[in-house]
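Notes follow the structure.
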Amino acid sequence: MCAQVSQIVPPPRTRTNPEHSALETRRLSMRFGNRLVLDDINLTVRQGEFLCVVGPSGCGKTTLLRLLAGLLRSSSGELLAAGAAVAGPSRDRAMVFQDYGRALLPWRSVWANVALAYEARGGSRAERRERAFALLARMGLAEVGEYFPGQLSGGMQQRVQIARALAQDPRVLLMDEPFGAHDAMTRQHLQDAIARLGGERRITTVFITHDLEEAIYLGDRVVALAANPGRVLETLEVGLPRPRDQLGTREAPLFLKHRHRLFELLLPGTRPHE
Amino acid sequence: MSASRWGTRLGALAFAASVLALWEVLADARFISPVFFPSPLRTASALQAMAARGDLWAPTSATCVRMLYGWAVASLLGAVVGAAIARSAAARAYLQPILEFLRPLPASAVIPPAILFLGLTSRMVVTVIAFGAIWPVLLGSYHGFRTVEPRLSEVAALLRIKSVPYLWKIALPSALPEIFAGVRVSLAIALILAIVTEMQAGQSGLGFNILMAQRSFRSPELYAGILVLGILGLIANQLLLMAERRFLRWREFAS
Amino acid sequence: MNRALSICRGALLPILLVGLWEAGARTGVLPPGTLSSPAAIGAASLEALRDGSLLWGTIETFETALCGLAIGSIIGVIIGAPLGLSPMVEAVVGPTLDAIRPVPSMALLPLALLIYGFGVRMEIMVVAFACTWPVLIVTVSAVRAIDRRLLEVARVLELPWLLSMGRIVLPAALARIGVGVRVAAGIALVVAVTTEIVLNPRGLGYQMIVASQSLRPDLMWAELIWLGLVGLAFDLVLRAIEGRWLARYAAVPVS
């Protein structure tokens, strides 16, 4: 199903300085009116890593992601991307939203939606179309390229959004509970699709979810966020081998250990049988 | 097509035919006044006579041209102005009360001032049609541009899409359904205003013709004129619907 | 503070325009025959209010508008309910109605004139025709949407047709029909005024045309503004009714 990647994926723009982390927050805080939503967040996202952020509802995960994307300006603290201060949105940081239905253009075909990411850079329609279809093929969506998003299932629409994010050729991929609106089976397919992509291209990814197991399954590291106000409780090094699979990995002792730890941190009161 | 669908189509045809037949019988037998309700056959022959002596196409096209011209101007202007007001918070703040005041005003209220300024001329007619028909498009465009999906605005920001491409690629397609809806209503208003101003200003056209038919009590011609106007309205609306379906194909799939 | 600011901004443009208008009229820049000064308009308004002509005109216009609305709504419901209840009836009768609907209401002006001559009844006829359609369409869809179970209850209880209509079908559909009537009310006022502007010698529309053609622009503008205010007030009343009563009924889920 995965096409030959090397000819299709354009080479990286400039070599990023390997000393700089992909993203770094220093004492990042966010206040809405009187409410302190994020308090003193210090995070470092290493280049090429898949970082998952988990936490209960209202812990500010989405706010954090929007700050990283540049859609919001922090109340205090610093945010650096590849060593430079973040002033606003940038093509280097692509975002995938949870409400895929609202994030895609319903009047454009699937391939044209993907092409939106690089249209401004020119090229003929045929070239844009070819590039879009190449990306869609990697997501397994080549057959539906000419359809409208409204004709696709939820899982496919979300993959289209991911394809568009990748079409941006970003340095960092930011994903806001992208699989939250899907059923369990679709979620597993999407998880594996993302995991596979991560394996191929090693794009730095920040992945927000409320599903603890999803976070461990997908991530290289997992950051547990508390709520009210949002603050970092702990960062776990997952350390599980790749490629991961839904059955084997989820039964590995290390997986279960992480799972216990996250439960303790985020769902206190759930005690294992004594 | 299934048998039952043919059956209902036949039934619909039979119903319409029997209504006309009943009318014919009642008119001929003078149960209903043939002056007020001329028999369908007489109406049909009046229509034919009008066509034969050249009294049909000229007025029809005159009305048509006026309606289309005024409607086109109104649609274009309305769409642009509506968009402009929607995009500018300052414009909204300053213009809102005036718009709110003008909205419930009947389109025909433009006629007395227009007569004052322009007299009973064809310029008056076109001006009235344009002014009267502009509102549905303006309001539709305004509302359409105001209710662009906010998530798409964020996507545009993230993709660093600049103002002009944003308008063209995102805001306009998003507003198009409402603009189209406004354009359809606008056409209906344009037709009505065309008829009405013809009657008012004595300009040659279908509206004027049916008024003349009334004055000389030639009711078959009156009905024939009404029939033609109905057909005109129907064709115009259908053409717009076809265009809408073509340009807004994606709507049938949108959730 | 924000409210006060937005009210100021909203009022700015109208006040500015009125001021410029007044200045233009006084200095003779604006032709006095068409755009009389706001002061003159104000004086004409007071005069018209005092001698009751504005009031009378409003009453006459609303008289015919509301009568036509009532008649049109009743006809719309009477025809619409059976169509909504029985898909077969709709399939057979529907196309005939669809053929009549595109006829613009104004095209009926000469016909109404023919049958009734000038006056109240002619205007009511045209208004009723225009109002029938929105109510009919809404009634069909509202009746169609009634829970099947309610209709089965009527059948189980072996209620005579009229009783089941009045007791079960119509109340369930009432809220939505109410919305259709509200739309028709807006149309009623517009059609009434338009009829008066074009033909009928009564009501506000007629007063405007008379003022315009007897070269009393100040009176014409005064009446136009009055019409705008009346239309606005009417629109607000309709919205209030819709909000208070219809919303209450619409809260009950009608499948």
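Order as written gives the chain letters A, B and C; numbering starts at 1 within each chain.
Going forward, a residue touches a chain if its C-beta (ideal position, glycine included) is under 8 Å from a C-beta of that chain, and two chains touch if they have at least 3 such contacts.
Note that this is a predicted model, so its numbers are computed, not measured.
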Chain located farthest away, centre of chain C as origin (C-alpha): A
Centre-most chain, if every chain is reduced to its averaged C-alpha atoms: B
Result of counting contacting C-beta pairs for A-B and B-C, higher pair: B-C
Between chain A and chain C, centroid-to-centroid distance (C-alpha), Å: 54
Whole-Å gap between the CA centroids of chain B and chain C: 18
Gap in Å, rounded to a whole number, between the CA centres of chain B and chain A: 50
Chain C to chain B touching residues, read off their complex: 6, 9-14, 33-34, 88, 91-96, 99-100, 102-111, 113-115, 186, 189-190, 193-194, 197-199, 205, 208-209, 211-213, 217, 220-221, 224, 227-228, 231-232, 234-235
Touching residues (chain side chain B, partner chain C) in the complex: 8, 11-16, 19, 35-36, 93-98, 100-109, 111-113, 115-117, 188, 191-192, 195-196, 199-200, 207, 210-211, 213-214, 217, 219, 222-223, 225-226, 229-231, 233-234, 237
In the complex with chain A, residue positions of chain B that touch it: 149, 151-152, 154-155, 157-162, 165, 169-170, 173-174, 176, 248-255
Contact footprint of chain B on chain A as seen in their complex: 69-71, 88-91, 93-95, 97, 99, 101-103, 105-108, 116-117, 119-120, 148-151, 168
